[in-house]
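Both of the next two complexes hold chain A, though its partner changes from chain B to chain C.
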Partner chain A sequence: MSFERKKVLLAPLDPVHDIGLKMIKRGLERAGHDALLLPPDYSQEEIIKAIIDNNVDVVLISRTLGYGVAEILGRFVDLAEAAGIRDKVKIGIGGMAIRPELAAELGFDAGFGPGTTVEEAVAFVEGREYVPDEIRGKKAKKDITRGYDYSFKNKSIEQLLDKIVDGIIDYVSDKTTSAIQRAELRRQILKTSNESERQSLRLEYAKLCDKIVKDFYEAGKYREKTRPLLPEELKALETYVNETNSRMNPLKLQHADKNPLVFIQYGTGCPFMDIAHIKSCEAWGADGAVHFDPSWGARTEGFFEGYITHEEDGSVITYENLKRIKDSLSPFTLWQVRAHRGLNTPETVLLAGIIGADLTKINIAYGSLGGGTDPERLTVDAVCAIKYAAEFNMPFDVVTNEELCGVPAYKAFAGMLIVSKLGLRLGGKPILQPLFCYSPEVMVSGQMQDNYVDFNAAKILCLRNIVNAPIWCGAPIGFLTQTEDRVQSSLMTALHASLASSLGVDGISIASADEAFSGGPISVAARIDTLKATQSAFRFFGKSGIVPTDSAEKWAYEIERGIENVLESIVQNGNFIDALYKGLLGSREEGAYPGRAGRGTVIKK
Partner chain B sequence: MAFIIGAAGTAKNTGKTTTTSAILEELYKNKVSVGITSIGYDGEEIDNITGLPKPRLLLKKGSIAATAKKCLDSGTAEFQILESTDIITPLGRIVIIKIIKDGLAVIAGPNKSGELKSVLDLLTKKFGVNIVIVDGALNRIAPMVVTDCIILATGAARNTNIKELVNETRAYYELFNLSEAKIEEKRLLSEQTRICLLKKGRSIVKTLEYGSLLDKKDVEKILWHLEEFDLLYIPALISENMLSELNRNMRNTWQNRTLIIKDPIKIIAGGNPENILYEIKILINCGGRINVIKKLPILAVSVNPFYPIYNFERNNYEAGFVDAKELLASMRQAIPIPVVDVKMEGTDLLLSLIKANLKGGKC
Partner chain C sequence: MSKAMERIMDAVDLETFIVCKDEEEGKKLSIQLMDELGFKDVNIVFCQHQGPGARVRLRGYVYKPGDRYGWLKN
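And then the complex of A and B:
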């Protein structure tokens, strides 16, 4: 459709309220139309006269509505009709109490209520059909890794990493685990359409599982505090998702291009509740959601099947649960399934890949030092998992949560860089995930005594000095700075989000305002707190930034040197796994304990 | 011959939709083929402004209606879409539907007179409807110009002072009832879009440009040619102020002069009916004459004693009533056409009027 320049008259039928019209005027002029704004003290007859004298195509009236004022608006349309201009001029009405029904009643061509965008008014002027879910239409998944070539600026660190990665690949080459075997069986179970073959594969799978899972496959028994979702619950879930999708008009959190993507984390235990949380967060602007599994799931060999709900934290990973959650997501939502710890890492990544997750999470160092899995076992499993991630083209973040146990940032970063380099070698796309937190390290050493800015900034500067890779701050940002006060927690989240944005990172994970002190399940309202706070912070800062003090550069350098020293000590030690046991990437004194789950289960091929 | 009745209200909650529903019910009893549309969004369950419940229209099998697409799902009546029009409203495209199973319906039809006219033509000419009811909208009367006559709904929601309400209604009655111009004048002027000055013998001596709304400059132009005409035709909207301006300048020269306007809406839309009537009386008292090209007679007045009272403490509206008998009696005394309180008396009177008009073919 060719552009047609329109002449538009904007008239406030109100003594004072014309802010909306002023904004629309600017929007119309930017779109190339002629817009004339009348002063707020014109009578109805004078407005009609101005319409005629200026020979306008469209009139936009604004009026805040109360009882009796509707009569005034009706009279205005009658005047236009009697003046013979009603058929020639389009008339729209806007105001706080305006709805389409009222616009129809009053004889207008369109009604614009609260929340009307300038674009909506421009669409009306241009005679285009306005699609109210414009954001939904515009919002698209963003690839966090796009534009990064993973080139190392610090060549000496790169060389050290290469040596360590060579050692890892060599070490695992003749080894396997029951988790790797289960993953391959799961692939076959999902692939076959022959029910008897599937059943025999299941029994084979069950043999490789802990008793609790074996009981499920062999005797149909569920773990305590879990149960299958009922058919009527699933039906209700489907209805809920359809209804929610049909009326959802999601917000956009980002204001400036550089604002990072915002992820939320869910894991209520119940897939239905998870989906409700995700849908709420989608509506309030979240770009992605991260699946949390139960902690016992990480320490149990084998996965269950079917739609399973769980009374406690963490949502049980099964193909069906994940698929149902994935199918409920809006098309623009990035979805991550965590596989960074535990005894089912390969199968988790495989399921995520088959179902179509966008991202996963793998980290040997954290998983074995802070996540409770044996370092050797997790190393062998992680190599397989990274290969699956590469096969399904799923970038994975390498989280450094061992910092929360007390491990200093430079050690945690050394582990993160090793797993990232391993990922690159295996064809994967790693994302660095430094913590934006008030960690035990800084509590003791005092780097955050003055502010929360410098040390967090130092982490990012340091990583940027080492490698050109995507950065996603986690998890969640502001961890341990939040309190039971929801306003304080939201503010902390928003400020950390602003700092992350100022530092130009690609993604952030945020907590709800009640996550730290909920004393039970977190609430949707508290999720909205932090989403809205983050949106407002992005709006506040725009393209401007936060300037750290000189300490940031100094600490960035210190962290980088620390990383290099750790890597050198691992190379000298000769074996990555042994280094984990020895505490080179985080010692017992620092709060890192090599995990015991799955110890001695690595099998020679 | 089809007969089109507009149900116009002077304000919200004056009983317009109640009147429409009552007439519909009676027409159904008499097995008349009925068409319905609305120039507003009537039939919603809750009043858009006060939050009080509002009646919805019960449509019976065989009725033809013109309504916006978004309203189709809101009712309980089953329907078949006969035709989709090109008319777009804030509630979507106007479609013509035939009711195939009785039920409640939400009717929001075209809200401009041009579009209303084409919908009425469709209903009457293409779908053979005998009687069409055009439900009005909030304080809007202009599109009713394309109907044959109107039923004016007024009541305490417009003004709780019965005396003032009666005076206003009387003014409406007189304005709507302004007599039509002579046939030859109508023939000569009905297609004219400019202000016309005519001389005895009724030939046009001058035409003047104007811009839809009569303003001071237009009045001045007319006055320049004062000696050249004895009949003045103004097709424009004439506001109360401009009528007063004309009178101020022509008070001594109205004698034996005639003012013809297109239809009553052209002056009624322009201000307070009593003030307009006052100006018209001046014109007449000065020896002038006023006629319309097309009359829009009021068939009857329906009155409603109800009005909403705002409750500050609860922040809602509650029902209030003026003395129903006094309202009815005062109105009847003042206006020489049927006045009814549909809730109190039913619709027999209205129906007999409609029947008489159907037979006669015209109001």
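And then the complex of A and C:
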């Protein structure tokens, strides 16, 4: 199509505001058109006269003030008709007070509301369809671990970690658990195409499960507050996902290159509602989603099968549920399935790997000190799980959630570094996940009395001083700083996101604006609130940053020394698992209790 | 349920300012308001009283996880 130069009149129908028109004028001139901008505060009659005098092809009127907008614009259309120019000149209106439906109602050719781009206005002038600068197709999954070589700057810490890891590998070498056996059975169940073999494997699997799961396989009984999803519901979901995908044009949260990837966490209980929430978050710019399973699932030996919904928090892990969620994701969405606690850690990682998850989550120290699983059991299971993660090339984060129990950061970090080093030894790609939170430690000791910046910054500085590894702050950032107030909650999330970005971390998990509300399920609107807040914060700070005070460096040094001391005490103790029971990585006084689920279930091979 | 209401993904939040003497009255009026609007499953997500009244965020769940969602029929 040949280029047709247009003569455009831009007129602010407003006492003062014309910044939008100035930007459009520049865009039109850049595109090769003639643009004439009238000053603000012209009367409607003067604007009509200018249209006639200049013989323009297109008029763009802006209106920012909302009062009486319909009457004023309605009168403008009447004047244009009376002057005989309505049919000859294309007229568009835009500005803060304009909505497309209002423009259509008043008889304008187009209406541009808040958020309209210059390109959109140029497309209108040129009479072509506006094709937004879609990020669909351009948005690609990012490997958080890329560019990190896991070299240790603190060699003393590395040596201590190596000794502890040697001990763990040696300890588990002649041990197994029912969870490990179940995982291998699950692999066979999924592999075989012979139905009778599958059924016999299922019965073998059931023997290794708790009664509630055994009853499902043997008698078809469902756990209370769960139900199977019906075929018609599944069909409706498929339609919903296809339709949503066809109009998916996701927003981008990041403004500067250094802004971290943003993950949301889901686990409404229902895989359908999960999918609906994930699709909404994808559209509003989330880069990844983290699967939360129910707390009872972590304390139950064995997994169910089939499409199952759950009326309480946490979405039941089954192959079918996970597969359905995975299949509904947009290709650019990073997907993590958590396996950091509980009695099904190996099978969770195996399922995640088979289905094609991008990431998983494993931490022996948290899972056994704050997650309720016996330390010995989880250690044996976690080694197997890490091997699966390596087999499927799935990086895993090591989250220090025990900080929320009251364990000081330096102890939680010691546990995180042990599991990370174990992961490296087993061929995995660990991601450090320190918490950005108002933890019991700082509430008591006062490191956040003045601000939330310094101690969080100290954590990152400390980890950077130790090892060149990816960092993904969790989970969610700002934990215990948010209140039920939607604005306060979103702001706290956005500020923590900005701090994380300023510190150059690779990823963050964010809460919804419902983070502090415990009276019911998280609403999708509350998720969008924090995504929008984070996007605005990234826009606000850009490449600039937040400057911590000198306390950050001081505390970073103290945390590093603390980690070293803890690791030394574990080496002296001689056994990592024993150290967990003894409280060297978090004591009962600090709020860490060695878990009891699965105690005494480790089997000597 | 109205056709429009069926298209709510999960919940309706109503945010407003209620003129009242204290938080207790604010909460009582909040529940009354949601009841009058026809919501059955109601929560007060946020309520803070200062001086003239209470800033509130009220929630009426239309669908909870595990329900049969109206928006999935279409």
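The definition used in the following text is that the second predicted complex is superposed on the first by the 471 of 605 C-alpha atoms of A that agree within 3 Å, B and C clash if a C-alpha of one lies under 4 Å from a C-alpha of the other, contacts with A are read in each partner's own complex, and residues count from 1 in each chain.
The rule is short, and it goes like this: contacts are C-beta pairs under 8 Å (C-beta built on N, C-alpha and C of every residue); 3 or more make two chains touch, one makes a residue touch a chain.
In this text, all values refer to a predicted model and were calculated from it rather than measured experimentally.
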item	value
Which of chain B and chain C A:Asp170 touches, first, second, both or neither	neither
Partner chain(s) touched by A:Arg86 [first = chain B, second = chain C, both, neither]	first
Which of chain B and chain C A:Arg75 touches, first, second, both or neither	first
First, second, both or neither for A:Ala110, with chain B first and chain C second	first
Partner chain in contact with A:Glu45 - chain B first, chain C second, else both or neither	first
Chain C-contacting residues of chain A that also contact chain B	none
Chain B contact footprint on chain A (complex, rising order)	45, 48-49, 52-53, 65, 67, 70-71, 74-75, 77-79, 81-87, 97, 99-111
Contacting residues of chain A [partner chain C, same complex]	225, 227, 233, 236-237, 240, 268-270, 272-273, 276-277, 280, 309-312, 483-486, 514, 517, 519-521, 523-526
Chain A-touching residues of chain C, taken from the complex the two chains share	9-11, 13, 15, 41, 43-46, 48, 55, 57, 59, 61, 63-69, 71-73
Chain B residues within the chain A interface of the complex	11-12, 39-42, 44, 48-50, 68, 70, 89-91, 108, 111-115, 137-143, 211-213, 215, 235-237, 239, 241, 265-266, 268-270, 308, 310, 317
